[in-house]
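As structure tokens, here come the structures.
Both of the next two complexes hold subunit A, though its partner changes from subunit B to subunit C.
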Partner chain A sequence: MKTDNNRRSFLKNISLATFSTLALSGCNMKEIDEYLQQNFRELTDEEKDEIVKNLGEKYKKRYGKDFHVSYKPAMEGVLFGYALDISRCIGCRKCVTACVKENNQSRDPQIQWIQVLQMEKEKGVDLAHSDVHYNPEKVPEKGYFYFPVQCQQCRNPQCVTVCPAKATWQEKDGIVVVDYNWCIGCRYCMAACPYGARHFNWGEPNIPVEEINTEVHYLGNRPRQKGVVEKCTFCVQRTREGKYPTCVEICPVGARKFGNLLDPESEVRYILDNKRVLVLKQELNTQPKFYYYFG
Partner chain B sequence: MNNNCNICYINELYLKKIEGNIFLHQSIKNKLIFMKDKLIQFIKLYGILPAVVFIFLFSCSPEEKEDSHAVKEEIVEIKREKITEDYAVDPPPFTDGIFPCNDCHAFQKPNPVRRELVEWHDDISFKHDSENRWCLDCHDLKERDSLKLANGRKLDFKESYKLCGQCHGEKYRDWKVGVHGKRTGEWNGKKEYLLCVSCHNPHTPKFKKITPEIPPVRQEDIKLFIKPENTESNEN
Partner chain C sequence: MNFTRFLTGSLKIIFQGGKPYFAWLILLTILILWGGYGYYGQLTDGLITTNMRDSVSWAFYIGNFTFLVGVAAAAVMLVIPAYIYHWGPIKEIVIFGELLAVCAVIMSIAFVVVDIGHPLRFWHMLPFIGTMNFPHSILAWDFFVLLTYFAINATVVIHLLYSAFNKKEYNKKLVLFLVLASIPMAVGIHTVTAFLFNALPARPFWNSALLAPRFLASAFCSGPAILLILFQLLRKYTKFEIKNEALFTIAELMVYSMFIYLFFTVAELFKEFYSGTEHLLYWEYLLFGLGDNKEIVFYSWASIIFGVIAFFLFLIPKTRKNFVTLNIGAVLIYSSVYIEKGMALIIPGFTPDVLGQIYVYKPSMTEVQTAVMIFSLGSLLFTFLTKIAIAIIFEGYNIDSLERKERKK
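Now for the complex of A and B:
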């Protein structure tokens, strides 16, 4: 009995002490709110509005710029799909740099959502012998083809299955997103992803202030913190506004195509109907919505 | 690569660097040289005074010329709008720079004999099935401001995609639905199309190689923690 009393009083004291320190230190209540915030999918719209507003203020303080933070939900009757013409890609990596800028990826330590693999034409699609660090004077090089890999937006995403915190999920429009406030940084999803499409913030992300993109989405390109996983979201901040993803817009050879898989008139559906299409690692039953084709 | 032609202010293809920051389209440069030569000849023949009078008269004509240009612009505008309904195609980037071809060709006798061009347009390198084809397979012999289809029908430069589509039918079909070539804009709304010749030089359609962006950092080169100075000095 006596020990119980002791423990109870200890707990009482410690909680008192915590709250009093918090109160005394004048700790920002918003930060506590953010810390205690629910999973994004359980928030009401009012709560989301409040959170988004606070985030905007936080970013304004940190970067000195006005941010537009959106949490726009998926459109009805839309399932996003992507198609990439491997016979056309020249490996210029313009998509990589455009993606880094658009999605506020850390420059140092470096995080890049798109990896362009150089493969030998003789060997075909051979991931094991591909090279991501190729650096010739000019591309394309003779005898090689280029195979950009990013999140394949699987219909059966294993990264989502393994997440112990339910911090990542597939949205109605098929985009797999991460709640950076809910991610605990266990990196199970990275181990589960067969495409190496998820990236971990091992250090505090570093983005030059003048290059920061202020048009952000809560589940997409808003600035991340150390210790969370991030990934390609088909530029959710753009595509839910009707625009093409930035990699599609930058590609100088028009190898990248994007659209609504449920719309029979869309570009991706035309490709699925008329071209020779393959998905990466089909045998794993991840069922990607990212298709490679020969145009 | 943000260089504009110093005369027609059109960016991009077929620019020749003249001196320092001066860029011109080759055909404009040719035209200037041509005019200069004519002027020198004139001075040699008739002396300087008539030349001055000639220049004076010549410098008065632009007003008139501008008028005719405006009429042409109007016609072009209407045509462009019509195409906009079809495919929202911007005019090719070079048209205004070398247009109208009749400025020179109107005074020359058309020569239908297949030959290598040495005096004029020798800057055009032609690698587009050059064994079997040459200029007049696409350009009209008499009406130089038009292209022509294989059946002889004349075609505005702004509809050049139809000409390309004669041989490249599959690509043409893909282009029409937005699968071949680059699209920007909205995936479910308004898209911006480009003409075939916006990306491919019609005379040498194969893409030139380009310099890639810098490769990603190797994993072993990513440095997260800076070593404390003490340990470094110990090592030294």
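Now for the complex of A and C:
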């Protein structure tokens, strides 16, 4: 790590020269430190502690609440998998709104990590004829079924391959995450994702203070800035603490199942063994860990 | 010391000229200010001021970027025929071609900078100080080849011009080596830019091996079109000499490129329409619209019609060798490729989006203003550099002339 330290001190020296003018014009040292922060995967635990502490203070200032910012790493022997029962889903979109709240997604401009597609029963899983803006009095509608899509947590994630700055990667437990402090906002990952799972903060995100979730993870649901990409993380702030993702908990019909693919006793494993599953756009070889099945 | 004199001397030169020259500078300045005002809005409020959204996450900016990479590539590739056909003063053709290439590369990179959410974080994708995703990310490759290409061309023109300014012989070996290196690099930058789109299985519209060949063929239509007009202007107003025959040969070469481009496109269209898979949707949106969504149809047909007219104007010897029709053809083919790369390449790649939804995209005022700003800045830079180059090559602007002036004082 010696070279790394040199590199960082070198950067800091440059910064002192270059940014002293900026500092005079109102930029404080913390902002400069944040600007010079390295890729999350290159940080030591001490640096992470420091960063997380600063983030907590920053959020406290902005939202007036105490945040618990975690950077808990993946657990050993865990590979998360998800199963969704298409025949049960009624298209109520409770998962969508619960996800928005849990994961601090911007309300205006609106960002939603889960998109539920309404599909004609006669056509089967046909994206070209699906509708994401369905809005009837009551769901489910006759002749239609519902097909929720969110990050498929690919084993072979195209979005990670194309990122020019290594700002997004797959964690040991299989979750694809984004370092919001490292993302340059080029949106190449969005062009590469076959599932529309990645969302961009086109403007400054807005969340009502009374609705903010203060239990956050650095790589997950912490408040984002404008100009960066975000995505579903299987609720990394919950699942690494042994809880279910919010969408699994909220689903009123029990269409959503979640668990450890490496655990032979887990519910997802049971579904893989006993039901017939499909993955979306299997021909692209993305190898999702998100399975659809007909229960 | 000579270099500071060169700089101050050049500074004086770029602010000398007739009324039309100053009118041109004032026009560009107004456009830069107007465009800059739009870009300022984007800087403060974010990319929400554009009409891009999650469904269509790249659009006009990236289209412009792609177009300008083509211009940069083609400007240098023109050196080959210039050499083979003995068009006359090859050194001058190299200089003006590479000046255009340098400006086009700067503009193309500027279009990427305005497109990204955090331009100040660009160092994250550099090697050593950041974490460049090399060799996996094609964007990292593109950045690398564009920068190399820029460095090569800038070195050649600066060396040629600065040696001429100092009345010294330029380093022939170095220049020959760099010019020879810049030709495959020119092919390289446009190929890598095509690969940027081409290898994304999520986007069937681009996922065709013909994309890179089509890029090159279309670039060889748009880049020379600019030079065709520039050479005529230079010939008229300076001592620059180029034979009529050379200009007609450029046009002839452009016809071959247009034909190849047409052939590739027909091959692509045949495959898509005859097989009629679900991937046809994107082509349908481009050419006919989907249902009521016909927003882009106008652009695609404008590009096709401009291109076809230019093709015939350049194909028929009589119109090719008439400067009026030749110039009309050059403007038409330039516009055709610009519309094709700016609108018809990127947007259908995202419409319908990966989940089959249609988001109707049209550039916002901010996007138009920002593009105008970049094009005007690029034109201003190109004007200044050309002015200095003309002074050095044709008007005897050199170290002696400066000294003479100083002595007079």
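Note that the second predicted complex is superposed on the first by the 269 of 295 C-alpha atoms of A that agree within 3 Å, B and C clash if a C-alpha of one lies under 4 Å from a C-alpha of the other, contacts with A are read in each partner's own complex, and residues count from 1 in each chain.
FYI, contacts are C-beta pairs under 8 Å (C-beta built on N, C-alpha and C of every residue); 3 or more make two chains touch, one makes a residue touch a chain.
Everything numeric here is computed off the predicted structure, so don't read it as measured data.
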item: Partner chain in contact with A:Trp202 - subunit B first, subunit C second, else both or neither; value: both
item: First, second, both or neither for A:Pro140, with subunit B first and subunit C second; value: first
item: Partner chain in contact with A:Val132 - subunit B first, subunit C second, else both or neither; value: both
item: Partner chain in contact with A:Pro264 - subunit B first, subunit C second, else both or neither; value: neither
item: First, second, both or neither for A:Gln115, with subunit B first and subunit C second; value: both
item: First (subunit B), second (subunit C), both or neither touched by A:Gly77; value: neither
item: Touched partner set for A:Gly254, first subunit B, second subunit C, both or neither; value: first
item: Partner chain(s) touched by A:Gly242 [first = subunit B, second = subunit C, both, neither]; value: first
item: Footprint overlap on subunit A, where subunit B in one structure and subunit C in the other make contact; value: 109, 115, 132, 202-203
item: Parts of subunit B lying in touch with subunit A, wherever the complex brings them together; value: 174, 177-189, 199, 207, 209-218, 222-224
item: Contact set on subunit C toward subunit A in their complex; value: 45-48, 50, 52-55, 57-58, 112, 115-122, 124-125, 128-133, 136-140, 143, 196-197, 200-203, 278, 281, 349-350, 352-357
item: Contact footprint of subunit C on subunit A as seen in their complex; value: 7, 11, 35, 39, 41-42, 109, 115, 117, 126-132, 149, 158, 161-167, 182-188, 190-196, 198-204, 226-229, 284-285
item: Touch list for subunit A against partner subunit B, complex; value: 78, 90-94, 96-97, 109-110, 112, 115, 132-140, 202-203, 239, 242-244, 248-249, 251-254, 257-260, 263, 266-267, 270-271, 274-275, 295
